[in-house]
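In the two complexes below, chain A is the common chain; its partner is chain B in one and chain C in the other.
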Partner chain A sequence: MSPQLFLDILTYSAMSLTVVLSIVVVSARSPIFAALCLITSLLTAAVLFVLLKATFIAAAQVLIYAGGILVLFIYILMLLGVESSLWRRRQKIILVALFLLMFVAGLLPLSLLFGPAADIMSTSVADDFGTIRGFGSLLLQQYAFAFEIISVVLVAVIVGVVYLTRKKSR
Partner chain B sequence: MSTLSTWLVADATLLQQVISALLRIGVVLAALLGLALPGMVYFERKISAWIQGRLGPNRVGPFGLLQVLADGIKLIFKEDLAPKRAVKLLFLLGPAFSFLPTFMAMAVIPFGFYQAADGMAMPILIADVDIGVIYLLAVASLAVYGILIGGWASSNKYTLMGGLRSSAQAISYEIPLGLSVIGIVMLAGSAKLGDIVAAQESIWFVFPAHIGFWVFFICIFAETNRLPFDLPEGETEIIGFHIEYSSMKFATFYMVEYAHMILGSALSALLFFGGWELLPWYTWNDLAHLTGWDFYGVLWFIPSLWLVAKIALFLFVFIWVRWTLPRFRYDQLMSFGWTKLLPVSLINLAVVAVYMIWTMKG
Partner chain C sequence: MNFFLVTGMVVFLIGALGILFRKDAISLFMCIEVVLNGVNITLVSFSRLWGNMHGQIMVFFVIAIAAAEAAIGFALMLQIFKHNKNIQLSDITDLRELRD
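On to the complex of A and B.
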């Protein structure tokens, strides 16, 4: 197996998995199942980021979205007590089977249609592209203003949340 | 058709890479599952017995060494129960979800160094990724799902509450943990664990970032669900996420706790205590000059053993604390994490920054 093909398989499987999982997220009837698929699609998107050499973004994606925000999603869903009976219907198994089938069936035609995915890989980028150093200097030099604005917005959101929760507990 | 033709062309280097990666993964997994985890269980029982003035396991095999094996066999042959109302697939996946991230995180832990062809000291590890510690934090943050899903899928309100509590604890303490690690990344100027150890040749990071070390160490206790943060096991209010699990599924949660401890101890040693460096003021290079021993060549395993000794010391502290300290109440635990540890970890960042500016001038 050549490195080219290895990369192709990796890229196309990550791509088709992301697409299929995203479809399942909006179509699944069980909220928990949808949330779990969302986590998995975030992970496959992280794989795509790694393949595009943006390793820091990939790690940040997993750390913040999959490891932080989605945990809170699942929290709410679990505390609301969404019926676990939805999961037990046979259609869920069919859904999983369908998804696996789509994944396998989608991979080969896609790679035949579009050829090697690794053209992206051979595109030359700066040495520190996607690394923490490169990302950080880009963020704090070229995009410093936007970065600071976003920080202010986030602080405003945090203050707002603290205010709202305080009011409720009184 | 280009892909089909490339399929047929065998490439030796890729195959070599894949096989070497699989071998490294196999060695680390075997060492963990075959040696480190059973060893931890044995020593936990022996040291707890010593602290409580008992004998500990001493019947099965010499010094009770085979007790772990006997317990393992017992656990495998126990009846594997699942609650009738449990969500079967997720109930099964719960232990796997907590097992996988912990072992994935081991991929970036270096266990020593060797001399590469160009004379540089290269770390021995599974994958030398640029984002090292960040990858580790990212992957370790996924372990929460095992607890959450396991607790929810049991369809029991006690496991659900236990799962929510444990995962809330884990994500709360992840923030000060990450902040204390960022201090180290600042000091080393790199997130690769190999580089971080290399940067500690002149000074161990526990000295400039000792506040960070305490924050880090406390957070590791919380992340591993060990006493004084082991609410899932609280006898007075048992609502752990794993109470519906039996047999090997329970044993998996049990093993993950020990794997987490090993990971945390390894990180403490690597990030704060110089990894495989000999002493804060005396390096392997100095010793090599003194004795003429070749630590980069034939004796490469001695620094690795030194690292293992440091990890073992931290593991001992884990066990020692467990059998010495009482348990937090849940509200104490949350307020400690958010109102004490978080500000202290921010202070640590400021201290580290000031230290860096100060040393740059000097």
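On to the complex of A and C.
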């Protein structure tokens, strides 16, 4: 098997898995199953990021998203015990119709804009594209202010969460 | 037609429709994560297409904001669960009584 064919198979299977798992997340009856499918969908999206040469983002996706945020989801699911919800038949039909409508409405402008000529994978990029080195130098030079703002936001979130969940002392 | 962009758009649409139709708050949050995932795929695709890394920086910020949003959302959900004994969105009608 040639490397290009292997890469193509990997790309298309990661894409279709991401889409199918997202559908399962939205339509699954059991919330815990939906959360597990969401983790898998984020992992296949990380495979797509690696194929697009965004290796640091792929690592952050696996570590922070799949490892941190989704574990929080499952923790909350087990703590609160959400019962599974059923979909009605009419809802399903409306859902599929809306999806097709929005797909056509979004796909037509997109295909007019980029056409078959724009092939993302074949454009050449710099050596440090997507690595921690390139990412870090851009983040800490051009985006240093936004980076600091994000840290302030996260501190505010921590204070807010502690305030919301504390026990009344009186 | 570029399939990376199509994947991002389809994932975004699936998540958006899920937000419209799900009934409980945790499923809604999972649909929001699906939407953000679609946005991330699109941003990384455009970053690769144009050969600069600004899109990836934006994905990094999206991940940070998603973590913050999930933490705040779950703290609120815990309080609502203590008050209402469930987290169905249709039962959340009163925010004023929540701190009692």
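Following the convention adopted for this analysis, the second predicted complex is superposed on the first by the 124 of 170 C-alpha atoms of A that agree within 3 Å, B and C clash if a C-alpha of one lies under 4 Å from a C-alpha of the other, contacts with A are read in each partner's own complex, and residues count from 1 in each chain.
Following the convention adopted for this analysis, a residue touches a chain if its C-beta (ideal position, glycine included) is under 8 Å from a C-beta of that chain, and two chains touch if they have at least 3 such contacts.
Since this is a predicted model, take the numbers as computed values, not measurements.
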A:164 contacts which: chain B (first), chain C (second), both, neither? second
Partner chain in contact with A:62 - chain B first, chain C second, else both or neither: first
First (chain B), second (chain C), both or neither: which does A:74 touch? first
Comparing the two partners chain B and chain C, which touches a greater set of residues in chain A: C
Of the two partner chains, chain B (first) and chain C (second), which one does A:129 touch, if any: first, second, both, or neither? second
Would you please give the residues of chain A that touch chain B in one complex and also touch chain C in the other complex? 56, 60, 68, 79, 87, 111, 115-116
Which positions of chain A touch chain B when the two form their complex? 1-6, 8, 32, 36, 39, 55-56, 59-60, 62-63, 66-68, 71, 74-75, 78-79, 84, 87-88, 111-112, 115-116, 131-132
For chain B, which residues count as touching chain A in their complex? 1-4, 6-7, 9-11, 13-15, 85, 87-90, 129-131, 134-135, 137-139, 141-142, 144-145, 148-149, 152-153, 155, 160, 163-164, 167-168, 171, 174, 185, 191
Quick check on the complex: what are the chain A residues that touch chain C? 11-12, 15, 18-19, 22-23, 25-27, 31, 34-35, 38, 41-42, 45, 48-49, 52-54, 56-57, 60-61, 64-65, 68-70, 72-73, 76-77, 79-80, 82, 85, 87, 91, 95, 98-99, 102-103, 106-107, 110-111, 114-116, 118-121, 123-126, 129-130, 134-135, 138-139, 143, 146, 150, 153-154, 157-158, 160-161, 164-165
For chain C, which residues count as touching chain A in their complex? 1-7, 9-11, 13-18, 20-24, 26-27, 29-31, 33-34, 37-38, 40-41, 44-45, 47-49, 51, 53-54, 56-57, 59-61, 63-68, 70-72, 74-79, 81, 87
